[in-house]
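Common to both upcoming complexes is chain A, partnered first by chain B, then by chain C.
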Partner chain A sequence: MSVLELRNVYRGYGAQDVLADVSLKVERGEVIGLLGRNGAGKTTLIRLVMGMLGPERGQVTVFDADPRQDPLATKRRIGYVAEDQELPPFLKVRDVVAMYRQLYAGWDAEFATNLATRFELPPDRKVKDLSRGQARQVALLCAVSHRPELLVLDEPAGGLDPAARREFLETSIQLLNDTGTTILFSSHYMGDVERMASRLIMIHERQKWIDSDVDAIREGYCLAVLPADGSCDNDRLLSIPTCLCARRRGDALHAVFELDPAACTRELEERGIEPGSQCRTINLEEMFIELAGRES
Partner chain B sequence: MITRLVIRHEILRGLGKSLLVTVALSTFVANVLTYFWFRDGGRPEIGYFEMMALQMIVLGSGAVVFFLGPAGRRCRNWEQGLPLAARDLWQSHFLALVAGATTLVVTVGAVLGLFQLSLASFSEIRLFSGVDLLELIVRPTAMLILGADLVAAFLPATAEPGAHPAWRRFLAAVFAGLLVLLALTSLLDLLYLAPLLLLGAGFQHWSGRRLPGALLAGSWSIRSATGAMVEGGQAESWEQVGPSRRPLDYAVTRLLFKWPATWILGLPAIAFFGLLHSGASVLSESGSSLRVAFFFLTVYMLFAFTGHFMERLHRVDHLPVSRTALLRWLVLPGAITLLLGYGAGRIVAGFQDTERERLLFVSEADNYGLKVPPEFFSLARTGEQQFIVAPNGERVAAEMVPVLRGLSWHLWKPYTTPRGASMEFVSWQLAGAVEAVYGTEIQANELAERYLALAPSGEVILRRGSLSLQKDYPHLQPVTGGPLMPVLVGAQFICWMLCLRLYFRIFKAGITIKRSRFVFWGLMIGLLALHMGTFVTFVFNWSDDWILNGLVLGLVRNLGAHGVGGVAAVWLVMGAVVAGSWQLASKAFQRAEAPRS
Partner chain C sequence: MHFYVDPNSGVPIFRQLMDQVKLQIASGTLRPGDELPSIRSLSIPLGVNPMTISKAYNLLVHDQVLERRPGRPLVVAELDESDLDTRRIERLQEILRPAVELVRQLDLDAEVAVVLLRDMLAGNETGFGSDRIEED
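Right, the complex of A and B next:
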């Protein structure tokens, strides 16, 4: 049984298309990192999964059911933390926890208490008086204490300092991945994604560009840098089936290939594009910039 | 620079929502003035207490800026980073407050002025004089300027005084004081406001001199946070946290409504309209004539109370709370308040009714005959002249009035007693009216002997000053008016739910925020236009409030008395239709998507 599945999903706002023909399937226990530029459609995809939005075309199923048909049942099985999610600022932390405990039948009170103690959360302070990091911790506590089957984190660590961000993500991953919980999280921080995710999905220009294991990306993709001296151009590179993108960067052409460096070099040699080219492994951040960035 | 800052100030840029409340209040004031005019037989002067009450309403409409708008924030974070003097930021905030409040008050004046102008161009109705309008605008504006002076003096060196725990209490105290000051200065000539304003300007100057070079960002919150950090015993406390419904109710209510402004402004207005619909004498000696006239304004208020919340839905949309429950949270406060207002009004009306004679007999030069409450008129759908034939064979033409000019529907009075009717006819009609109104049979002869006499001209007149049936027959109890509450309040609820349904259906993929706002404002303007239209028919004598009242109350009374199943059936049918409208709104809400935050 897949935890969630999108089949040829289209979704936009007004005349603006945000997702077009996106399909993906997530199995139990996977930790999915969702990448994309601002406005790429990550939040829209997450809201589709949460049942907050419906697809214009295509089908979304979560736990083998349409989340819009029985949103209550779906939301009870999901933990959700978003960057723009507002905890009631006027409530004390203990009241926020009591509220969530009321909402979720499977609330693990001992687990929640342990987390609150570990995070050193002040129960009698109002949410508005908490630091940003503490507020995120309260949100995380509320999202995980009912032991959700799917944890959805939409830029959850946005605005946190590196230490707080790492603690937040590691805690959420540690807490739930051991018990088989599936995690879908979006982030702009490539380091976080590389460290936490087992699988990476990149959304770009309304579509899914990459859907691969993180290890496979490290080993199976490379960056080729060629001199932009007129002997080769973007179109020629893009005509190679394994070339994902090619663009001019200053005095050079950069192209990302779905090949390891050695295979990439061979491919270029076979096509007569070898003079001056350098092929090397690429890390996630570089790949993101190459794929999602613009020509400079 | 200050001018630029004022023009771009968020108080002025966010005036739209406040104008919504202001237009509703202005319309209400215009209607009340129209009512005064008719009640006082065309007298254009407005009494002291009436004027004071109206000024307070106008003051309230200007005060919206202080409570609804970002009055508690002198500048935003990014503005603090600009190379601008604290004094400029502070002054621009003060001027924006004054400009915002004045805009709202002037809007009230403009609406009233346009209302008066449109009336004057078609009729001779003169609701108020130019001096009255000046009083209505100038005094509240002066109070609001003083209010802005005081607000500017609250923690003057601070960028966000609104974050201080005492801010709301301070605002409430300022405006309570201003209401008292308004009442006191209403006794004085307008010119006496000048020294007050000068005093305010001096105070403003003094406050400005206390400013440091840069505005501070909420230093008190640091202290309170530090205080909270030293709290101990956290581990023990956490174990005591159990599930609780109370924070959920509180949080959802506060997150969905613009708190507390919507409640402070919306609920009292809704309760007041409930009071009007109940028939209690609030604006006039006979409050019952306004029971139906404010129908659409009440729906407007109910819709305005809930309509804006879709833009806040994202705050709770991720929670496992059903849309049906959310809709209950949204609708119940308004619905319960309306019912409470109505119920309180019925209690008040109950006391008032015991003192009021339902039947009158007038014999004046231009006004003659038996007067019965309008709900005891009958409806002639074809408009054909109706005749009344007494047992003695005497036949008279019934008094008839068109429900709306040009419409065939007419109300006719079954207890018509024209000049020249015989003593036997009049006493027979009086006995019939007593039986209809009080449900008790009293012989015509007895009534004639006790109350009626023949004038030398042969005209039937009252034996003494007035009919005093309730005093002479203490056992007489007016018959109930039929199930008006379920019909009137139920119909308003249905209109409200239908508006919500139309509004909810807009929030789906492919619809822009602009279009959803267009639908929201279209519905609001439509409801306001229906309300204004009702009063326009009264002003131009196409109809009248008592005719509308008679039509609706009469139909409801007949439905309860003669309909299949009687009152119980009316309750059941209205209950079913109300439930159906709820279902329609609820179904649309299930599919509505929260707009992007």
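Right, the complex of A and C next:
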């Protein structure tokens, strides 16, 4: 049984297409890092999973059911922190936690207390007087203390300082250790994605562009840098089936290949594109910039 | 025993961990019979998905570097002196492989690379040039 599945999903706002023909399937225990530029459709995808939006075409299933059919039953099994999570501003931290505790049958009070202690949350402070980081920690505590089977985090690290980000990360890892929770999270912090994610999905131009095991990215992709001296051009590189993207960067051509560096060097040599080219492994941040950035 | 990960390096995290275990065995920091930290105890301070650590450990067991004992922590496998020498050489090979790749990409003469390595081992990195090779 898959935890969630999208089948040929289309969703837009008015005339604007945001996601077009997106399919994906997430199995139990996977940790999916969702990448894409601002406005690429990450939040839309997450809202579809949460049943807050419906697809215009295609099908979304969570725990083998339409999340909009029985939203309460589905949400009991999910923990969710939205990008712009709103908590009741005039409630004290302890009252917010008590409210969530009422909502969920499987609330683990001991875990909630441990987290509150670890995050050093002031129980008697009102939400409106919390720092942004503290407010997100309260939201996270409320999202995970019922031990959800699926944890959905939209930009969990947004606006957090590095120490608070690390706390967030460690809490998610603790959940993975304890219960093997499936996690879907969007982030712009590539280091966090490399640490946490087992699989990476990148949304670009309304489509799923990359869907790969994280380790396979580092071992199966590379960046080739060629002199832009007229001996080769973008079109020629893009005509190679394993070339994902090619563009000019200053006075060089950068191309990402779905090959390891040695195989890429051979491929270029075989096609007579050799002089001065370098192929090397690529980390996620570089990959993201190469794939989603513009010509410069 | 100390582990660290650099998520920005091009090397997958599971491989970084495998390399660190092998290096610590080759250097004698980890000895046969030494226990490895549990996946859980390592995953939180390292800030790494436990599956990644599990993958590194499983591959090390497969390579007979670590030994699994039912219900007990993983330990460093027994090995004799010649095994240790082999491992040391294997470690060096792994480190040198990308350098060899670079020598090819830069189209450098193999002899230049060999002389450079010899000089660096002798603690002399400066004054390298093609004229030096002729002197040798």
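One rule holds in what follows: the second predicted complex is superposed on the first by the 293 of 296 C-alpha atoms of A that agree within 3 Å, B and C clash if a C-alpha of one lies under 4 Å from a C-alpha of the other, contacts with A are read in each partner's own complex, and residues count from 1 in each chain.
What we mean here is this: contacts are C-beta pairs under 8 Å (C-beta built on N, C-alpha and C of every residue); 3 or more make two chains touch, one makes a residue touch a chain.
Small disclaimer: the values here were computed from a predicted structure and weren't measured.
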Greater chain A contact set [chain C / chain B]: B
Which of chain B and chain C A:Gln174 touches, first, second, both or neither: second
Which superposed partner A:Glu56 touches (first chain B, second chain C, both, neither): first
Partner chain(s) touched by A:Gln207 [first = chain B, second = chain C, both, neither]: neither
Which superposed partner A:Leu103 touches (first chain B, second chain C, both, neither): first
First, second, both or neither for A:Thr113, with chain B first and chain C second: first
Partner chain(s) touched by A:Asp84 [first = chain B, second = chain C, both, neither]: first
Partner chain in contact with A:Leu121 - chain B first, chain C second, else both or neither: first
Footprint overlap on chain A, comparing chain B with chain C: none
Chain C - residues contacting chain A, complex: 5, 7-15, 39-40, 43-44, 46-52, 55, 101, 105
Complex interface listing, chain A residues touching chain C: 29, 31, 166, 169-170, 173-174, 176-177, 190-192, 194-198, 214-215, 218-219, 261-262, 265, 278-283, 285
Residues of chain A that touch chain B when the two form their complex: 11-15, 50, 52-56, 68, 71-72, 75-76, 80, 82, 84-86, 88, 90-91, 94-99, 101-104, 107, 109, 112-113, 116-117, 120-125, 129
Chain B residues touching chain A - in the complex, by the definition given at the top: 221, 224-225, 228-229, 231, 234-235, 237-239, 241-248, 250-251, 254-255, 314-315, 317-323, 508-512, 515, 591, 593-594, 596-597
